[in-house]
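Remarks on the structure that follows.
Naming follows writing order (A, B, C and D), and every chain is counted from residue 1.
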Amino acid sequence: MATEIEAAQRQHELDAKAVDRLVFFSDAVIAIVITLMVLEVRLPALPEHATDAQVVAALIALWPKYFAVVLSFLVIGLYWTLHHRRFNFVRRVDSQLVWLNLIFLLTMACVPFATALVAEHPDLVGTVVYAATLAILSITAALVWWAVGRRPEIRADPAARREMRIAVVMGLLSAAFFSVSIAVAFVSTLLAKGLWLLFFLANRVAGRLSFGRPAK
Amino acid sequence: MATEIEAAQRQHELDAKAVDRLVFFSDAVIAIVITLMVLEVRLPALPEHATDAQVVAALIALWPKYFAVVLSFLVIGLYWTLHHRRFNFVRRVDSQLVWLNLIFLLTMACVPFATALVAEHPDLVGTVVYAATLAILSITAALVWWAVGRRPEIRADPAARREMRIAVVMGLLSAAFFSVSIAVAFVSTLLAKGLWLLFFLANRVAGRLSFGRPAK
Amino acid sequence: MATEIEAAQRQHELDAKAVDRLVFFSDAVIAIVITLMVLEVRLPALPEHATDAQVVAALIALWPKYFAVVLSFLVIGLYWTLHHRRFNFVRRVDSQLVWLNLIFLLTMACVPFATALVAEHPDLVGTVVYAATLAILSITAALVWWAVGRRPEIRADPAARREMRIAVVMGLLSAAFFSVSIAVAFVSTLLAKGLWLLFFLANRVAGRLSFGRPAK
Amino acid sequence: MATEIEAAQRQHELDAKAVDRLVFFSDAVIAIVITLMVLEVRLPALPEHATDAQVVAALIALWPKYFAVVLSFLVIGLYWTLHHRRFNFVRRVDSQLVWLNLIFLLTMACVPFATALVAEHPDLVGTVVYAATLAILSITAALVWWAVGRRPEIRADPAARREMRIAVVMGLLSAAFFSVSIAVAFVSTLLAKGLWLLFFLANRVAGRLSFGRPAK
């Protein structure tokens, strides 16, 4: 029986390690995505002895890029903080969770592409692709939390079920929100972009109200 | 004698740390490879005031790239999950394991090159180079698990030997599979690519059946 | 009551983990920023069979880039060491700290852009943008330490309050220093750059005097 | 007195954490350098419907790049394994060690630049710059181990002193070796490159003989 307890103990350690590694890998991917997206903002090639006025003009012309990158930085930052908080509720990982998380990361790695697109082609197509990317990101996030919530053996404690349900609902609401912004884009791309900012701000307020009580 | 026990304890801790670091380094390299491969998908340069139709056409023209990147993402994801699961069986590392692992990572870092090649030149050469890269990746993976399995002092427990033998056989089978797809490519490059998808799906099914019992 | 103690214990572990992850994520972002900045230094395209003299000339022509990159490497290295030392004083993280830290990282990810700008356009605009970036970086760092210092529940111990006050003051002084270098740049951009080197050296001397006593 | 013991315990934990973070940061930088160097190998732009023969020719024309990248991969891999093994002897870090390590990492981040240079311009200048970069890398590594070895309070145990002396001597010998290859390059750049391969192989043999006994 001692052996059984030892085996259970060892299994528990392996489980905890597997969760930590999944979180570590996700963090590494997100850190690379968020940082390279910012590093991709480059000054357009200028003549070697460009005047100060030319350089200033080139810097100012980049403003749609600044806006798009800062917005994406905030959105990715938001999804990262949520990812962290919610993985506190995960006790072990199974194959399904690993793969849904990989698909979530794949979608996140597409955000810089959509960001560059909307910055360079701010008309309908860029706006729709960006909103669609964030809608898909929200759905893949919802799938991750659904996979955690539906199986008692990979959840950390009873409270986790409720928390995961909230996470799924919030993911689907976010997807709905970005889908609406696609419809709005057909009327006004500017209004659609305003909605995205609103999305971030609303989440920050909601996050602030509930943060700091991760596994009561 | 107390000192001997202490020394053994300290050695054990150093061993565990060395394994953790090898896994961490591998994870970091794999995270960089998988993320940068996705980030490399860029919109081709378009005229500054491109119409929506032009942008849509450019996005659609990228589809071989999307296909290749998603396939490589899935394959790398698969090798990453296997790498993780199997390193649970490693108790310490020796020089040989470190170097075989480095060569495995070097091969993995070549996957984005092969991916870009097959996306841009989908004919025979691209197809063959991609299949050959994955065949070599499978062989280097098999070498890593062979190095773990053959020496009792670096394996975690008796069950590890059997597990590592399975890993070596699966690696060699994968290499054989990709070699066959090279031959198939001479008949039809499309069929060869279909086989790669099949490879991923078969592995997922097999993985699903055996996942979650890492160190019984 | 046993349950309460257990819950407190579990909360404590989650807190420690959350701090570790924030530090890990910050380290990953900083490692990417600092390394890619160096990797961005590339030889300009030369004719394929360039003579040795042409290659040497091209290497020498890169010197403003070497200077700017080494300076930024030292400054980022400095902020990284300070970030590490000071996070020893953080016991838990709250939403505000997470977001101020993200904004700090966003600013840091802008340093390579400013570095490339000042290397390629060393006149007034480049000099001012670089100094302004470092001034903003100093202010965001000060905000991070202000967020730690003002709330007793996220500080590790009583000494932390004093330490964080020093950190805020040093951040504001740094911002003031770089603001002064902006004014100086209008007189001489070379003198402004000399001031930046002086900034690094002064910090190194100060850091040397106080290092090694992180949580006395 | 209990408080003193507790304080010492806490200090010890902070020290261990600081060492771990320095190693983690170094690993992250090295992982980025080694991976991006491989990812930088790109197929030169070919006409969109290039024939298979054209693609094969382009792939073969890249061979100096393959050679240079694999060599650098092996050398960086070697320095990484040595860095790991030797940091087992470090008990705490001080400001000097942190900064010498940063300078070591800065030099390592220059290796891909030198690698690209020698691959594209394999004549005298490329050969000399590459050898000089590795010589400087060896010297900065020697400085790191000198900083560990000279101060008893940052070394893990008495054996560390001897080990660090060996490390310093090996670093200086490596620097001498690469300096000699600079002289050789003036006679034959091919011979100089052969010497680099020899360097790696000799180190592997030596490493194999002594590996696995890190903190006896």
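Here is the rule we go by: contacts are C-beta pairs under 8 Å (C-beta built on N, C-alpha and C of every residue); 3 or more make two chains touch, one makes a residue touch a chain.
If you're wondering where the values come from, they're calculated on a predicted model, not measured in any experiment.
Chemist: Along touching chains only, what is the step distance from chain B to chain C?
Modeler: Graph distance in the chain contact network comes out at 2.
Chemist: Please compute the angle of the rotation superposing chain A on chain D (C-alpha atoms), rounded to a multiple of 5 degrees.
Modeler: 180
Chemist: State the chain with the largest centre-to-centre distance from chain C, centres being mean CA positions.
Modeler: Result for the farthest chain: B.
Chemist: Please report how many Å separate the Cα centroid of chain A from that of chain D, as a whole number.
Modeler: So the centre of chain A lies 35 Å away from the centre of chain D.
Chemist: Return the distance between the CA-based centres of chain A and chain B, expressed in whole Å.
Modeler: Spacing between the chain centres: roughly 24 Å.
Chemist: Two-or-more-chain contact residues of chain B, please, as numbers and ranges.
Modeler: 24, 28, 32, 36
Chemist: Could you list each pair of chains that touch, in label order?
Modeler: Between chains, contact exists in these pairs: A-B, A-C, B-D, C-D.
Chemist: Applying the document's contact rule, which stretches of chain C touch chain D when the two form their complex?
Modeler: Residues in contact with chain D: 23-24, 27-28, 30-32, 34-36, 38-39, 41-43, 46, 50, 52, 55-56, 59, 70, 73, 77, 80-81, 84, 88, 204, 207-208, 211-212, 214-215.
Chemist: Under the definition above, what is the set of chain B residues touching chain D in their complex?
Modeler: Interface residues on chain B, with respect to chain D: 10-11, 14, 17-18, 21, 24-25, 28-29, 32-33, 36, 94-96, 98-99, 102, 105-106, 109-110, 112-113, 116-117, 120-121, 123-126, 129.
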